[in-house]
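Order as written gives the chain letters A, B, C and D; numbering starts at 1 within each chain.
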Amino acid sequence: MNKTRFEAFSDGVLAIIITIMILEIKVPHGEEFSDLKPLIPKFLSYVLSFIYVGIYWNNHHYLVHGVSKVNGKILWANLHLLFWLSLIPVATGWMGEHNFAKASMTLYGIVLLFSSIAYFILQRIIIVNEGDGSVLAKAIGTDFKGKLSTFLYLVGIVCSFYNEWISGGCYFVVALLWLIPDKRIEKALSK
Amino acid sequence: MNKTRFEAFSDGVLAIIITIMILEIKVPHGEEFSDLKPLIPKFLSYVLSFIYVGIYWNNHHYLVHGVSKVNGKILWANLHLLFWLSLIPVATGWMGEHNFAKASMTLYGIVLLFSSIAYFILQRIIIVNEGDGSVLAKAIGTDFKGKLSTFLYLVGIVCSFYNEWISGGCYFVVALLWLIPDKRIEKALSK
Amino acid sequence: MNKTRFEAFSDGVLAIIITIMILEIKVPHGEEFSDLKPLIPKFLSYVLSFIYVGIYWNNHHYLVHGVSKVNGKILWANLHLLFWLSLIPVATGWMGEHNFAKASMTLYGIVLLFSSIAYFILQRIIIVNEGDGSVLAKAIGTDFKGKLSTFLYLVGIVCSFYNEWISGGCYFVVALLWLIPDKRIEKALSK
Amino acid sequence: MNKTRFEAFSDGVLAIIITIMILEIKVPHGEEFSDLKPLIPKFLSYVLSFIYVGIYWNNHHYLVHGVSKVNGKILWANLHLLFWLSLIPVATGWMGEHNFAKASMTLYGIVLLFSSIAYFILQRIIIVNEGDGSVLAKAIGTDFKGKLSTFLYLVGIVCSFYNEWISGGCYFVVALLWLIPDKRIEKALSK
C-alpha cells in the first residue's frame, strides 16, 4: 500500500485548508489605512487558525512517519480528520466577521473538539495497527497533552456561552501547548 | 512513463475538489446560532459529497496502484474522470442552496452517473492495458458493485422527478456501499 | 538539482488552474432546470479550457520527462509558462459570462497565443540544455504541430474581430490537434 | 525526518498562493475591450506578486536542497515564512483594486518586509543546524542581496507615505535583483 500518495493527498488538503482561509480576508473597499481596521479580528482569527492547521500538519507528519503500513481503516480515519479540519476556514471566517461573537466561539470550539477527537481516533487505529509494543505506541504513551487539549476545548465551548474572551483564551492556550512539535514521537523515532 | 506525476496531479485535483466545496458554505451574516440554520442543507450536502470524493480517491488509489505502465490513453481517461468529479462542487452547492430541490437532485445524480461511467472507462482501459490475466483484472472481476452503483444513480435520477428524498436515499445508499474500500483489489494485490 | 520539486510545483499550479475554473460556474439562484440555461456557455468554455490545461499538463509531462538537469533558466521559463496558463481561468470566465462575445474571444486567443509562445521558449531552452543531438531534440524535431497551433491562434485572434464562431472554431481545432499526446516524444523516449 | 513531505507541503502552499491571486482579477461585467481597463492595475500587481512568489519558491528550493536534516524548529520557521507569503494575495488585491494607492503600497511593503525577515530567520536556523562550515553556510555567505532587499523594502515603506511610484519602484528593483536564482548556492552545491 502506497504511503506516499496517502501523505501527498493529506498534504494537498492541508495546504489548501491553510491557504483558502486567506480568501475570507476580503480586500477592503476603501483605500485608507482606516479601512483595514475591520480586518483586524479577521487577521487575528486567521493567525490562530493558521497555527492550528500548522500544528495538525506537524503532528500528522510525525504520526504518519511512524506508520509502517496504511490500510482502508487508516485512510478513512484520515479523511474523517481532514473533514473536520476543512470546517476550520468557515468557523474562522464567522469568528473574524463578527469580532469573536459568543456563538462563533462555540462553533469554533466544536470544530476544534471534533478535529481533536478525529485525530485521537486516527492515532488509536494506527497504534492498534502497529501493535502496542511498537515504537510509535511507546512514543505517544498516555497522550496527556491530547487529553488536556480535548478538555480545554470543552471548557472553551462551555465558557463561550458566558464570555467569549475566556473561551478564546482556552483555544489560545491549547495552540501554545502544541506549538512545540510532538517531541515524544520525535525523540523515540530518532533513536 | 512517470506514474508518480500522474498520481501527484490526480491527488492535487482531488484534494482541491474536496476542499473548494467548503467555499460554498458561505460565512453567515448574523452572529446568532439561528443564523447557522440555513447552512444545515449545505452542510449535509457537503458531507455527502466529501464522502463521494473520498471514495473516488480511495478507489483511484487502489486502481492506479495496480497499473504497471501509464500511457496517453490512460492519461486522458483519467482527465475525463477528473472533469466529471470537478462538477461535484457545483452540483453540491446547488443542492445545498435550494434544500435538495428536485432539479438539483437530478443534476447531482447526472454528475455522479457520468463520474461512474468515466471511472468505468478508466478501469476498462487499464485492464485492457494490463491484460485480462493480470492481478488487477482478476481483482476487479465482474465489478458487481460498480454496475449496481450506476443502476442506483439511474434510479435516483428518475426518482428525482417525483420525490427528492427517494432520490437522495439512492445516492446515500451508493455512498454506504463504497465506504468500505475495494477489498477485492486490496486482497488480490497484497497476495 | 531537484527535478521532483520542479514537477511537484508545476503539477500543483496546473491542478489548481484546472480546478478553480469551476469556481466561475456560480451556483444558480433559482431551483428550476431553466435556471441552469445561462450556465451553458460557461460550461462549454469550461470544457474547452479544461481540455487545454489537460493538453498542457500532458505535453509538459512528456517534455520534462526528457529533461536530465533542471537549472535556473528552465525554472523561470517554466514559471513564465505557468503565468500565462494562470490567466486561462479569467479569460474563460469572461468568455462564458458573455456568451463568447467578440472581445472575450480575442482575449482568450491572446492568452492561448502567449501560452504557446511560453511553451515554445521553455522547449527551446530545454533542447539547448540537452543538446541538439539529444533524444528529446530529435523527438520534437521541427515541431510542426506547435507552429501550426501558434498560427491558428493568430488566425483565431484576427477572426474574433469579425466573427466569434470562426474564432472559436480555430481554438477548438487546435484542442483536437493536441488531444492526442505527443506521440513523437513518447515513441522516441520509449526506445 | 521526512524532507519530502516538508517540501511537498511548502510546494502546495506556494502553488496555491501563486494561483489564488488570479481570483482577485474578477471577470469584468461588460463585454467590450474597454471593460478590461480597470483590470490593468490588477494585472500589473498580479505580475509583480507572481514574480515575488516565484522568487521565493526558487530560493526556497535552493535553500532546502542544502538541508540535510529537518527538525521542529525548521518546520515552524518555514510555516512562519508561508504565513507572511500567504498575505501577499490580500495586499496584492488591495493594491490592484485602488490603483497603487499610498496606503496599499505601505501594506504591500510591510508584507514583503516581514516575508524577507521570515526567510532570513529560516535561513539562519538552517545554517545553525548545518554548521557554520557547511557548504550551504559558505554559499550564502554574508547574504548581501538579502540585506539589500530588506533595506529597499524599508525605503519603499517610508516612501509610500509621500509618493507611491517611488515606493513601487523599490519593490520592482528588488524583484529584478532576485529574478536571477541564487547562483551562490547553485554554484557551491554543484561542486
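Operating definition for what follows: a contact is a pair of C-beta atoms (placed from the backbone, for glycine too) under 8 Å apart; a residue touches a chain by one contact, two chains touch by 3 or more.
Remember, predicted model here, so these are calculated numbers, not experimental data.
S.K.: What's the chain with its C-alpha centre farthest out from chain C?
M.R.: Between chain C and every other chain, the largest centroid distance is to A.
S.K.: Copies chain B, chain C: same or different interface, half of numbers shared as the threshold?
M.R.: Looking at both copies, the contact residues mostly diverge.
S.K.: Once you find the CA centre of chain A and the CA centre of chain C, what distance in Å lies between them?
M.R.: That pair's centroid distance is 37 Å.
S.K.: I'd like to verify one number: the distance from the centre of chain A to the centre of chain B, where each centre is the average of its C-alpha atoms, in whole angstrom.
M.R.: 26
S.K.: Which parts of chain C, given as residue numbers and ranges, touch two or more other chains?
M.R.: Expected reply: 8, 12, 15-16, 20, 23.
S.K.: For a test of understanding, state which residues of chain C touch chain B in their complex under the given definition.
M.R.: My answer: residues 7-8, 11-12, 14-16, 18-20, 22-23, 25, 27-28, 31-33, 35-36, 47, 50, 54, 57-58, 61, 65, 179-181, 183, 186, 190.
S.K.: For chain B, which residues are in contact with chain C within the complex?
M.R.: 1-2, 4-6, 8-9, 12-13, 15-17, 20, 23-24, 71-72, 75-76, 79, 82-83, 86-87, 89-90, 93-94, 97-98, 101-104, 106-107
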